[in-house]
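Common to both upcoming complexes is chain A, partnered first by chain B, then by chain C.
Coming up: the complex of A and B.
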């Protein structure tokens, strides 16, 4: 508990120091609880998520950093490796490939990379995965960009 | 974050996920969460069976395991019995090699009070720290693990306020959080060494896992619970300059008729400062998939 708190505090300081260094990631710690964080990440360019801003919720276990943070999308996203309803993310570094060498910041970068490079063979969203697996890239992209517009972009007017 | 006003008609089931309360994470249908939970429970059951580091047991305890098993293994254990006095088991959680190494090394320092060895180790640890930094690791990701190991190393030397007894060393090695932190320290050290000398390790890794060196380190060295192979052992032995003897107990038999037990010494290549034949003071028993510690008989 103490070690996880100390580590998270270091990450917090690093995030404050590096503010703006990565314009695609805005990582914010809950005011009253260092084990709860949220992040705003920009959809990578040349993907159907471009122009969208996606919110992630981090719940950090007491055994952090020996155990990975639990991360999920709060913003709806149509992506093979993100559960359409819960926002749960299928990413190896959040499961068995986790190591303390990762940070909350680098987890965000890994999630952005996953958005650009979906893994349709291990889908949490089968509809999305099936479109890609059947080679319907156009169908996937139009569905994904529709949801980006609906859920991840500010309302017009 | 703005929610869309016109949502798809098949979205009605999402209303709860769509507007989460600031703290109201819907973990209830969080499948992976359940999986992790279950895994932790399985680990807890295993943990009750055997501590991270067990008690010293006579070799007869090892023979008892194979009483109704392979005659070759029983023969080999008889051979081992001539040279080795005892075995100390570790938990089979994928970290057994690093945990065995941890306990053997610290116990050796505690018993020999070899200050020169401690100084040599500290210098190597500093070198590993610099390697990680030059590889681009952020300090705060590894420094806690380094600090905890150095603290253990310091405390096995006697005569200080923070000195600890053999019993206390055993308790700490069984304390999940201390023990895991030291294991993680070794994982960082191993990863740093492999990546620093990636041309040397590349062919071994290609043969083992058919991945890049970097990918291997990320998926098979740094994560806790990933089992160790020759590559890990060579790397940690070289990085820390500590020789390791591995005794192999498997069903392989030799054609000459008599049964013998193979061993292999991993002698650090880089630290040739101490020339001459290095007799390893760390001896581990390897049975396919698992490492325990072995205690040689002392010459009387």
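Coming up: the complex of A and C.
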């Protein structure tokens, strides 16, 4: 408990110090609870998520960093490795490949990388995975960019 | 985040840094500068960690295997390593093999192992051995239990698999003491009510640390209190029930850290005559 808190304070300070160093990621700690964070990440360029801003919710266990944080998308996203309803993310480093050397910031970076490089063979969103597995890249891209426009971009007017 | 928390974080990081090099390369696990005495390195990639941090991580990794693994992937670069170099003083160093770390954790004794085993057995395997109802009815809880702290410490160590649990144990002890010995003016509270109140309080205090094991821990602790026994005597009853020990044959027991050794016979018959119905 004490260790996780101390470590999260370090990360908090680092985030404050490095504010704006990575324009694609904005990490914010909950005002009253250091075990709850949210992040805004920009969809990577040259992907159907370009131009979108996606919100992630972090719930950090007491045993952090010996156990990984729980992360999910709050913004709807059409991606083979993200559950369409719950926002749950299938990413090895958040499960059995976790290492305590990861930080919340670097987890965000890993998620951005996952957005650009989907793994259709371990899908949480089968529709999305099947499009890619059947080779329908155009179909996947148009679905994904439609949802990006619907859910991850500011409404016009 | 509040101001005071920020200041605390500030204070944590500034004074302990031993050298400028450790400041620029904090331990990747706790992100703090490694104190000189804690400095340790993995044998292949030579990445530096606090000894405490890397050992803790090794245990987490090892706990996922049924047999202790012989190598550890560096959390930083994934290189396979076989030992941790520690205590380098310019001429000599200690070397701790990954395969041994899980088994040679000094604090985790046989007693801890058996306690942990209790949490894997059916609840209630002991509940008919001691009279919990009478404990509450006779208000035996008003007398303080001198073994309670040792009990809490050992339980928490076993459950959290961590040696340094004093803060947690004190926290729970405080919660329990204040709940048990709160002098209620409206004495009329029913024993059941007292019991419920106590268990809720302890549960709330324990949950952040013991998570999924909390409810069972509260029950076990209640049982220990109701038994009125010291650690040795309680273990004896418990181990017999578990079949870890034959009735009659007394195997030498692991001495428990700091519990007072009291002749058993004094407590076996510790029944409050007033409590009889």
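Heads up, the rule we're going with is that the second predicted complex is superposed on the first by the 157 of 157 C-alpha atoms of A that agree within 3 Å, B and C clash if a C-alpha of one lies under 4 Å from a C-alpha of the other, contacts with A are read in each partner's own complex, and residues count from 1 in each chain.
In this text, a residue touches a chain if its C-beta (ideal position, glycine included) is under 8 Å from a C-beta of that chain, and two chains touch if they have at least 3 such contacts.
None of these values were measured; they are calculated from a predicted model.
Visitor: For the combined arrangement obtained by superposing on chain A, do chain B and chain C clash, or do they fit?
Guide: Once both complexes are aligned on chain A, chain B and chain C clash.
Visitor: More residues of chain A are touched by which partner: chain B or chain C?
Guide: The partner making contact with more of chain A's residues is B.
Visitor: Name the contact category of A:129: first (chain B only), second (chain C only), both, or neither.
Guide: Neither partner.
Visitor: Using the superposition on chain A described above, determine whether A:65 touches chain B (first), chain C (second), both, or neither.
Guide: In the superposition, A:65 contacts both chain B and chain C.
Visitor: I'd like to know which partner A:53 touches here: chain B for first, chain C for second, both or neither.
Guide: first
Visitor: So, A:12: does it touch chain B (first), chain C (second), both, or neither?
Guide: It touches chain C, and chain B stays clear.
Visitor: In the superposed arrangement, which partner chain does A:74 touch: chain B (first), chain C (second), both, or neither?
Guide: Touch partner of A:74: chain B, not chain C.
Visitor: Of the two partner chains, chain B (first) and chain C (second), which one does A:155 touch, if any: first, second, both, or neither?
Guide: Only chain B; A:155 stays clear of chain C.
Visitor: Should A:29 be classified as contacting the first partner (chain B), the second (chain C), both, or neither?
Guide: second
Visitor: Once the structures are superposed on A, label A:88 by its partner contacts, choosing first (chain B), second (chain C), both or neither.
Guide: Only chain B is touched by A:88; chain C is not.
Visitor: Considering only the stretches 23-31, 185-193, 203-211 or 257-265 of chain B, report the one that runs into chain C.
Guide: 185-193
Visitor: Both chain B and chain C touch chain A; at which residues?
Guide: In chain A, residues 3, 6-7, 10-11, 14, 65-67, 99-101, 103 are touched by chain B and also by chain C.
Visitor: Show which residues of chain C lie in contact with chain A when the two form their complex.
Guide: By the definition above, chain C touches chain A via 1, 5-6, 8-10, 12-13, 26, 28-32, 53, 56-57, 60, 73, 75-76, 78, 167-168, 208-209, 211.
Visitor: Quick one: in the complex, what on chain B touches chain A?
Guide: 1-8, 13-14, 17-18, 20, 23, 25-27, 29-33, 36, 137-138, 140-142, 144-145, 177, 180-181, 184, 187-188, 191, 218-219, 222-225
Visitor: Give every residue of chain A touching chain C within the complex, in rising order.
Guide: Of all residues in chain A, those touching chain C are 1-3, 6-7, 9-14, 29, 31, 34, 62, 65-67, 99-101, 103.
Visitor: Would you pull the chain A residues touching chain B in the complex into a rising list?
Guide: Residues 3, 6-7, 10-11, 14, 36, 40, 53, 55, 57, 59, 63, 65-67, 70, 72, 74-76, 83, 85-88, 90, 92, 94-103, 149-155 of chain A touch chain B in their complex.
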